[in-house]
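When the chains are written out, they are named A, B, C, D and E in that same order, and each has its own residue count from 1.
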């Protein structure tokens, strides 16, 4: 019979996304500059790799064409390889200048999408811009360097996994955005790991640059927000049908990606609030801790004072001080001192000040 | 004659929901994995329980069919038992992956609803995802383990309580959501009890991990908000008629559930504000308390100092110090010391520093 | 000729509502459970009081009928007396369960309004729910106990004050809501009086549970907001014509009540901000005050130290200490001590530390 | 040739409105109660003053009629003088009760506008309500006492300055509102002067009730906001054409007044933020200052302690203490004490603690 | 083969705009008062400079006319040179009064745009108002003094760079706004440099007016916001087609400028949040630092106290104190004192209090 066996089931972790592993492929063996030409329809798929300078673009393919441009940083090359697609100069400018916020824009013949791929590299959060142009029967993607983020899509196309090959350019575009969203789960998980790491040592007395670490965590939440909020808005535009390039079926799938983005933002906000609380808690705790130490020191001072006073009194030089001449006067006074000390220890211990 | 007998009437408690008892049934005797098949119309009701592997789904029932799936964690089984309902793969994915925010979505033939059931288990807030598919004449519900949350509905159907049996699938769906909302009243009441518990000991000197408890209360408000805010939005969509599967009469009832959700959120916000104020008050109070202690200690120090000074003066070795040779000089000085002490005691007591 | 005689004119008090007196009637002589049946048209008015168990409802009256139900807490009685009006079960449920936020809802034949009457009783803010059903030619009002809040309306009807008798059910409904709004001015005035009371003693050294009082004032702002914000929204719905039961003329009057509600909310927000500032100011002031005391104590300590040191020096037992053998050495040293004390007093006084 | 001669050009003062002088006329010689009747068209203007009890209203004028009522506080008189204009009772109520937030409302034949005139009188911010009724060919304005705020308009009409006389009642109404807006620039400038005054003495050690002054500045921002925010909304309603009484040309001018109101609100928000920062800065600065003083006192204490200890050591009564018998022992020890003092002075000075 | 060579690629700097250089031309040789008359079409361009008093305006040009007015501060001259364009008096007023927030307004024959050019001059943020009137075939721009901000556009027209000459007045207007936006990148970069400068010295013990610097940085964020937020709204109005003077192609370009403005605001918000955090961090750090110093001082006090007590004890004058007569009593006691000192040093060092 079943019992409420909660302890082995997932419980109330705010950080639900932490466990997800990145699906990014290893980029060791990928060329720094390349054009991947992938032409497919329901029956076949053809994958070719060119050096940018050798690549000759064409539009007379059958089915859907996906061109994946990696590492093209000069305008002349870019304009040459995009020549048959009649891309607007503003789009080319945006692709070359990789400092844009995510967005999706309609042009007469195509959509232009910009996203940001985030990644931790040597403990720092690195941002890469990913651009995508979605036409009637082609998809063009642009990265400044190999990221391994779309490799799985290419392999799925080749292995004919899922329904990807039998669908059009819009579904491919959705699939690529979905890849990006999945990637966020992994990197946000890493971020949340860092937050929890700081959270664990928050109340430990040894403070090693915690304020600086929290400061940089706050910065990272800002970066995540800059990547995720406009992405959610872009997906929202797709879902509510602003672009008729996406058919109803694909829009259903886009709604799923939208859901995930909302979930990511909620998790981010939870982490962000946690970080915000951490600063306050840390500072309060440290301040409280320090004050308790100062109280302790003050208590010790207090405990010495009556003893010093007594010693001072019996150090006075009056002619007539009977106690001085008692045989055991000195030892009695030492005893009285010990007694007073013990009594004060006991009082302060009772009050919790020791 | 009546009087304004307020003291026995409910007064200004913010936490109006605290008294409500959960209607969850005991889950001790419920099977961990099961399919509950309930077919009913105005005249009769038929309840059967299957093991998931033995269950054969069918659509040729009369009246309304409610299938309640508990503990199905693998996609293959789920796809088999849902086969006649032609459920979209994205929905199946959502059912299996229980990390969604509450939502309601329209598909061509059915609605898909996701909610979160909250519960305190061993002092921790546990979240369970509840999914529901609402078709023309069927309702499908999904839980990862038995919760006892819908048992009352089943019993009401069998006992023919209320008008449930004479109404359709949409009213059953409303009733189940209403169950979920009622459940929140109980669990939010427990939460508010925890808040009041902390509130009561806020100004007591003994502080036992209060900051950590407040910290976790803050987290729990976040979890409640994540469950309640999207639920309110979902109910709002039903009330304003986004889904024609819900008829006008049922929408009136949904408006009532919406009201309750609004009320829950208001109560949660009050509690949340109270928690937020508690942190500030606690820290201020502790800091103030500590400073008063340090002032006390400083006062004691001050009271010793003139005595020590006097003792020091009469410990000086000048040849000509007349007082030293007075017969009762020593005793006079002791008296002066007592006098000074008493005067200072009196002054500091008057100032309220002792 | 006139001068800018501002001092006798109302000036910049934020708390403009403070002076208004409540129009609530004394409830001493009102029965705890009663049905007031008031039937009127332009020519006559007929007022009768029944015990709930003796009351037989009827719809065949002329002109407008106002039934005022006080203290009916059981569903059976309520259902019986409402039988001819065909009230929806959800409405009856809401009337019995007095934990609703203010709202106004349209049903097919009538409107359902819920409001909250606030009142200070023994220094605590007490909330009573007031329900109202507005039909074509009848108005039904419900209270759990006599409040005296609508007595003035009844008397005005009887005395034929204003145009009330010559207008319909919708104008009566407006008048009753207006009564409620006027009542808020009185109770919010009391609240503001309490805020000013605390404000006056904020900077006095004797602190008697001020934090707790501010804490409870904050709670009360929340209660006021929960009563006023949804009321404003309800009035807004009436004003913008969501309900055609209210004719254009009555809507003009509703706009006036709406204005007053907006004004109440503004006053509340001012008071709320004042309360919020008070916490910070109080804590800062106390903390500052305490620190100044500790500085004073430290200054006193400092003033003793050189004296103690000098006494210590002349308590040393060196063979060769010429001063010890001076005839007036002791008195010179006492003078030096007095001099040092005076100098330090003067310095610290100049610095404002004494 | 020109240079970037910024220093003589207006630069980055947030408080751009500070320099504007009020255009209010002196009210010394204005009657406390009066009706100003001004009838004008493009060719002529006729100004007459009546005592309220002598005034007989009329509507058979040519061109436009502006009636300016000052100091009418009783309903009977007001109703009599407004009789030919058929003003709604709610409007009369609003005019008599001068506690309204600014607003503009449409009635069947006229518009009703309420504004607030602010003014500093004896260092306090005084509020006067100004009401205006705008009909087809008449404008009625109401003040509780003479303010001098519209005198310039009357003089311009008489002097035929601007195009005012050749335009209708709606342009006159705009001109009067514009007067009110211009008046805010002057009074907000005074407010900003007060803010800057406090800002200048913020970091001075002598604190003379700065917290209370900041507290009252905060209150004043609230009063300004209550006057300006609804005024902006009222102007916005005029600009976007909610009232067809204002023709397109006048709406262009109203847009200009709207612009100014937006500018006023921006300046107010800047000042408000500055005030808000000032509290924090002041408290931090004072706290920091006090702590530095306490550190200084603690340092002085520390500097005495080793000297006292040394004196104590050589005050011990051991038989065998060789130093006591050195010839210059005492002077050596005094030298050692001076050395230790100097060294500590030097160390603490280096650390910046002295 | 490529590697994730992040260290040489742009990484996670929030302040992406920092590196951009201003394109403003040197204003040394530009006349302080001038009218630049530029008439162009696809084939030719004609640039002439006049003194304002010599300039005779004309509308019978071919192609597009751009009149750039610099340093006209009197209304008479302005009215004369604008006479053929029939500019509304409110616009002339706005041009002369340079205290407006950015906006764009439609008049019957032209659009009126106001923007703010920001610049650091002698460490202060200086604001210049830039006005622009856009007609069917002319663009009029107004500055109070030469800024060099549009010089590049004039040179590009002369050099026939880009497509500017072959397009109409609307595209010229866009180009000029784009110039302004590009200028913000440079000046915001300088601002961010100042923020980072303060950030670097935040945790250094020597605090040199950091609070005042942060205070002025906060002010500057307000100024930037006042310039950028209304500009974004103006561009948004252009993009969404509120003004049909801008054709579809130009609106595409305006969308690009809008994008940049959004980016600028995001960067500003990041910097603003950083500044806001800096205050809190700085104050906390200073307070913590100071408290640690006070703890250190208290520790030193504590370490002296037992020694002083011991000295006091052996300074007592009891007849029978055996230790006093031991041969090495004094030295033993000195040793004990040294031991106690060392032990306390060790304890406090272990606790990290030294």
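Points worth noting:
Heads up, the rule we're going with is that a contact is a pair of C-beta atoms (placed from the backbone, for glycine too) under 8 Å apart; a residue touches a chain by one contact, two chains touch by 3 or more.
Just so we're clear, the structure is a prediction, and the values are computed from it rather than from any experiment.
Grouping the chains by touch while chain C is set aside gives one piece. The pairing of chain D with chain E is characterised as different-residue: of all residue numbers used at this interface, under half are used by both copies.
The distance from the centre of chain B to the centre of chain D, with each centre set as the mean of the Cα atoms, comes to 44 Å. Between the CA-based centres of chain C and chain D the separation comes to 27 Å, rounded to the whole angstrom.
Annotation for chain B: residues 287, 291, 294, 298, 301, 308, 312, 315-317, 321 touch two or more other chains. Chain-to-chain contact here is organised cyclically: the chains close a single ring, every chain touching exactly two others. Beginning the circuit at chain A and passing next to chain B, one meets the chains round the ring in the sequence A, B, C, D, E.
Chain B contributes residues 1-7, 9-12, 14, 16-17, 203, 252-253, 255-256, 259, 262-263, 266, 270, 273-274, 277, 280-281, 284-285, 287-288, 291-292, 294-295, 298-299, 301-302, 305-306, 308-309, 312-313, 315-321, 352-353 to its touches with chain C in the complex. Every residue of chain B that touches chain A in the complex is listed here, in rising order: 27-32, 71, 88, 90, 93-94, 98-101, 103, 105, 107, 121-122, 124-127, 144-146, 205-206, 211-212, 215, 218-220, 222-223, 226, 279, 283, 286-287, 290-291, 293-294, 297-298, 300-301, 304, 307-308, 311-312, 314-317, 321, 323-330, 333-334.
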